[in-house]
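In the two complexes below, chain A is the common chain; its partner is chain B in one and chain C in the other.
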Partner chain A sequence: MRSKVVLRRLFRNKQARYGTVALILLILLAYIGPYIGPYDWTDKDFLAFMSAPDGDHWWGTGAIGQDMYAVTLRGMQKSIIIGLLVALIATGLAAVVGAFAGYFGGWVDKVLMWGVDLLLVLPSFLIIAIISPRLKGGTWLWFVVLLAAFTWMITSRVVRSMTLSLREREYVLAAVYMGIPRWKIIFRHVVPNLSSLLIIDATLNVSGAIIGEAALSFFGFGIQPPDVSLGTLIAEGSRNATGYPWLFAFPAGLLVLLVLSINLIGDGLRDALDPGSNS
Partner chain B sequence: MGKYLLRRLAINAILVVIAASLAYVLAASTMNPRAAYQARQPPIAESVIDATLDAYNLNDKTPVIVRYGTWAKSVITGDFGKTWNGGSVNDEMGRRIFVSLRLLLIGTLAGFVIGVAFGAFSAVRQYKLSDRLIGVSSFVIMALPVFLLATLLAMATYNLNDALGFTLIEYTGEYNPKLAGWDQFVNRLNHLILPTISLSLGSIAFYSRIQRNMMLDVLGQDFVRTAMAKGLRRRTALTKHALRTALIPSATYFAFAFGTMFTGAIFTEKIFAWHGMGAWLVDAINANDVNSVAAVTFFTAVCVLFAAFLSDLLVAALDPRVRVS
Partner chain C sequence: MSILEVTDLTVTFPGGIQAVRGVSYEVERGEVLGIVGESGSGKSVTSLAIMGLLPRNAVVSGSVKLHGRELLGMDEDELIKVRGKAISMIFQDPLSAFTPVYTIGDQVAEAVRVHQKMAKDKAAKRAVELLDLVGIPNPHLRAKAFPHEFSGGMRQRAMIAMAIANDPDLLICDEPTTALDVTIQAQVLEVLKTAQQETGAGIVMITHDLGVIAGMADRVLVMYAGRPVEQGSVDDIYYRPRMPYTMGLLASIPRVDGEEGPLVPIEGNPPSPSALPPGCPFAPRCPMKVDMCDDEEPPLTPFAGGRQVACIRSHEIEHKGLTGADVFPVPVIPPSDVVRVPRAERSTVLQLDGMIRHYPLMKGAVFKRRVGTVYAVDGISFDVAEGETLALVGESGCGKTTTLQQIMQLEPPQGGRVVVLGKDSAKLDKDARKALRRDLQIVFQDPMAALDPRMPVSDIIAEPLRAHGRKDVRARVAELLELVGLSPEHAERYPQQFSGGQRQRIGIARALALEPKLLVLDEPVSALDVSIQAGVINLLEELKNTLGLSYLFVAHDLAVVRHLADRVAVMYLGRIAEIGTVENVYDHPAHPYTQALLSAIPLPDPEMERTRKRILLEGDLPSPADPPSGCRFRTRCPKFAQLSEADRRICVDEEPSVARLANAVDHGAACHYAEEIEVITASDDQEEK
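What follows is the complex of A and B.
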């Protein structure tokens, strides 16, 4: 019932409606678009280097004759997947760590929050930048894990402080007296009651992760060639952006649209799930 | 209070030590400064390379633990060691901190002041055209990553200069070393325009969102109505009573941003070719410069903790409720 109310509230919000429509269109473009285009993303057209957009190559071609339409959509697929996975891992981790720290208190709380402080102090950019290019043998999934490992800390602090008050609620106490193990209480009673916060956080983490991936890839510390993402494409395109604007404009434009639409949805979700809040 | 501060200081010191040590060990065990020497033409004898690397405490044939010991000992005496080609990390850091400061001070301050002003203004004129305009543009700007914004600005300026036929706005570097005196000062200011815009736009958008929400919250409250009812002019009531209270969250963020300012501008510094702390991090990683990486980490950790401390103090100063409890 509640989810219906929330959805209705969400779609009454004009911003969220635009955001959802835009996001659906972008995802369709990323996953169905490649089947419509005449070229595969690995194809190289040796008769057209750095050619401007035309009927054959819709978005032009790159330095070694790649079809920019196919390559950009491929990069967008990767960016979307990275964003979703990072958000999932980061929010999950934040929920578990925060709830355990808040619920158990004592030394568990101290140790976990100390870890959070430490991760906040460590320069994430540096660590990802050092490790990720050295994972050449590994897959891009390692990169996702790294990115997620540095996104969850602040949320987990919020989760912890909310758990502190949830811990004293009657239904949680009742569960304790019924002899349900404490880890079960956390997953059954504490985490579900934080769901609005977690949903909002996960949504905004998606756009944050997409930007983070692009930013790291911009310096060559993210997705490694031959694989592509929006970040690597923007990095490549920005080098020749004045002479060959189509190399830069399409990936950059799609990145901005993607992030913007997700942020709009996240903001709408916040209004729908948590009407009292205003941050 | 004094005891609390001391305890907090001790914990922070331990965190800095751990962060810097971790970064050193990570960098020392994965980076390979030897590569830069092996690639030289004509080739250098291995024993010479070893001797050079030993002198800089960078030799990968020495176990990481031993290198860490040497590094830690010299850091305690205040010496961060040598860069990969034998320069002093301390000198480099001293120079780069001031480059970053010159670049970031104006941008950070401008971002805060303009952002708060926009936010307060659009809250006072809620749902008017100006409010909607500020809201939409801050949303779009927040979706623009800094590196994209900086690249776009550089591109636009390049085209503008090209069309004009002379360099109206500089888009790379910190100053032109050929100029002197007043001309050089003007030239420095000119070089500051683009990075400052790219730095402050994002924070303007960010602060204006926070400030608008807080201000709306405060505007509906009794004390503002009382202030107006007792005959204060609208402007005085809004700035002296409403804005001051609504400033607390933005000020907290600002204190944090001010502390972390030095390393927050990696992209802006790299794209506009300012050789500050942020750019140093990227350069050091690319050059396999272990000691510099550790020094930047140390510096960042100190900044972050100092910033967190500063923002706590500021909240205590601004918010009477925190002071009492």
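What follows is the complex of A and C.
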């Protein structure tokens, strides 16, 4: 019943509808767009270096003659997956670890929070530097896992402290007295009541992961040239943003659109889950 | 001349929400005006508007004159000189009314120094005097204490001290005793009376408790949906109400001296201030409604004897001498089959034998060490027979809730035995425990906190059904909703969209989902308004009779207990002080604590309130971490105070256990000198003859 009610409320929500339409359009653009354009992302046009957008190269070309339209869309395919997956994994992990630690307390809490603190104090680059040689040759999805592994800790601490107050609520007690297993109580009563926080966290994580991935690429990890992602494109393009704005504007604009659409969906979902809102 | 004159006060919040719609009243010197109304009737907003404490976006119109001086629209600088000097306010929650980081003495002294030019040491001295006046023991020492070191009752006394620091002309008390226990409430009301004699101030007393008003007020103003609907002397309002709402309100309260029979609820809910009905706002709930009621809102018109009534049929009510019980339909509750069998022959559904629950007091951050023990429940025994309601009463901190939790957890207790439906909780394995949970369910106090705000009602009620593998969930949910008097179409709504009484009904439906045999009720009506409360009490009674349930009922409201319970156990500091049938305990209480508790309850009857004598208890409940030796009640016991030194010995040395009283079948008290006396005189008919 709850999922049905929430879905109905979600689709009645204007913001969520616009967000979903925009996200679907962006995904279609990323996956179908390359077939429409005249160039492949690996093609290099040696007659046009750094040329401005025109009828042939719709979004201009880069330093070695890549077609920006094809390259940007190729990057976006990767970035959509990285952004969404990292956000889902990181927020999900934060919610589960925080809620279990807060609800069970005692040694479960101690062990989990000890792990969180350890991850917080260890420099993430150091660990990535140690692990990355072992993962060479593996799929780039490993990279998603690593990126997620270093973004969830602070949220999980917040989730834990919120759970501490939630577990004293009478409806949680009522569920205990009904004989419902504790892990079920966590997923049914604790996590949904933290959903406002988790949704905001997840939407922020999407843009964070896309940008953060570019930073890690410098360390020889993640998406490697010649392959591209929105993050690497923006990092490269921003150096020449004033002289050759199209190198920067298209990837950055698409990132903004992507994050905006996800934010809209997030807001809509939050309203749909929160019975207090009237929208 | 009157101190305060309020004329046609209206308060509008953004979005066109009219919280107060034309309130007019006057308060004379030394007079107590009681303002009664349910939550949302605008009584608190009225007083905040007078004090000029409403948020800026509230639009206030009309006139508020203090000694003929207009307060509305006055400069903030001017208003500050009035607030706390000429008008003071006492708030409901004494904890949040004090700053936690300053001592009580400093805060009272500050209140003095804000309005009077006085040296610091003199102000501090005055603060000690004021604390002494409101009956705080050792005021010199206590003035240096911080708010959290005071108990609730002491804080409220300090709040009164602060309010009367500058000899105000008018005291506004907003639910001053709602958060307190009855014995403490009696003390605080006594202090309030002293404070009034001391200052000669007029008092505006805002409360929903008709008993408190009956004892304190000279005149009463009844508010409904932001408007006064009846105003008059306290005797007129209580004995000769002429507005159906007042009549219903008076008929719906359970009385501690009351007769048997169902309560008379007022159907429906108060209207939302953003969607008022076209005519009289009470018309949709009024049994005397005629078509004319919908035409226009009746104004508050003068009636015989200096009173005002806002009802077009008030003269008819006067003429026919109607009362609440005549006008409002009295519900019929089917009788129970079980009670015909004598109690001794019925099976026992719950039995507690010397149950103990202690909590360790720990200290230290890294290395925790035990520094003491909280004796939350220290050996209590009682049993509940099938089809019976046992009420557990006592003040906050006496161990009622701990007892309930211990029973509900179905875990082995630290000491003693808990036997539910013949099964000892110490011998249960996991599956047996889960199976037993079907037969043991709970209804919580706060209907908002007890329902997951993010779950639709149907999921909430279906939760226990699914947990125990029932198949026909949908049909059962609809059936349960109907059983508790709600419409099955509302199943997809969230708890927030329901009113307090409806939410409590949802909580009851959830508890009944698995067809339990024993229902534990944790203060099920204390968070509800009186008119709503009556309906829920009737529902509980009806369900018990039709479904053959047994109740363990925890409450602090002794009037509700008298109405609903068959037997009652009075708890004090983790022990049972007195136990027996309701008739025996209420009519012939034998334990001094029960006597004090019963005498502290305000009765909604001005005549009786004026004549009855109270047994006032000294001080607060001792800490359960350090209970007195021997009899736990002896530090506050009025009887102990009268005993000779030799007689006291036994009270100090020996802890009394519950002993059956000689001349009663089912009545026992834990007192060495138990003696039955009558505290409440049985009421005659409460209405006029």
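Observations, loosely collected:
The rule is short, and it goes like this: the second predicted complex is superposed on the first by the 172 of 279 C-alpha atoms of A that agree within 3 Å, B and C clash if a C-alpha of one lies under 4 Å from a C-alpha of the other, contacts with A are read in each partner's own complex, and residues count from 1 in each chain.
Following the convention adopted for this analysis, contacts are C-beta pairs under 8 Å (C-beta built on N, C-alpha and C of every residue); 3 or more make two chains touch, one makes a residue touch a chain.
Please read these numbers as outputs of a predicted model, since none were measured by experiment.
Look at A:L93: by the touch rule set out above, it reaches neither chain B nor chain C. One of chain B and chain C touches more residues of chain A, and that partner is B.
Residue contacts after overlaying the shared chain place A:M50 against neither chain B nor chain C. In the superposition on chain A, A:M162 makes contact with neither chain B nor chain C. Comparing the two interfaces of chain A, the one with chain B and the one with chain C have no residue in common. Contacts from chain B toward chain A in the complex involve residues 11, 15-16, 18-19, 22-23, 26-27, 30-31, 139-140, 142-148, 151-152, 155, 158-159, 210, 213-214, 216-217, 249, 263, 266-267, 270, 281-282, 285, 293, 296-297, 300-301, 304-305.
On the chain C side of its complex with chain A, the touching residues are 408, 433-434, 437-438, 440-442, 444-446, 449-456, 458-459, 462-464, 467-468, 491-492, 494-497, 510, 514. Of all the residues in chain A, the ones that touch chain C in their complex are 1-2, 5, 169-171, 173-175, 177-180, 188-189, 192-193, 195, 273-276.
Of all residues in chain A, those touching chain B in their complex are 117-118, 120-123, 125-127, 129-131, 134, 207, 211, 214-215, 218-219, 221, 234, 238, 241-242, 248, 252, 255-256, 259-260, 263-264, 267, 278-279.
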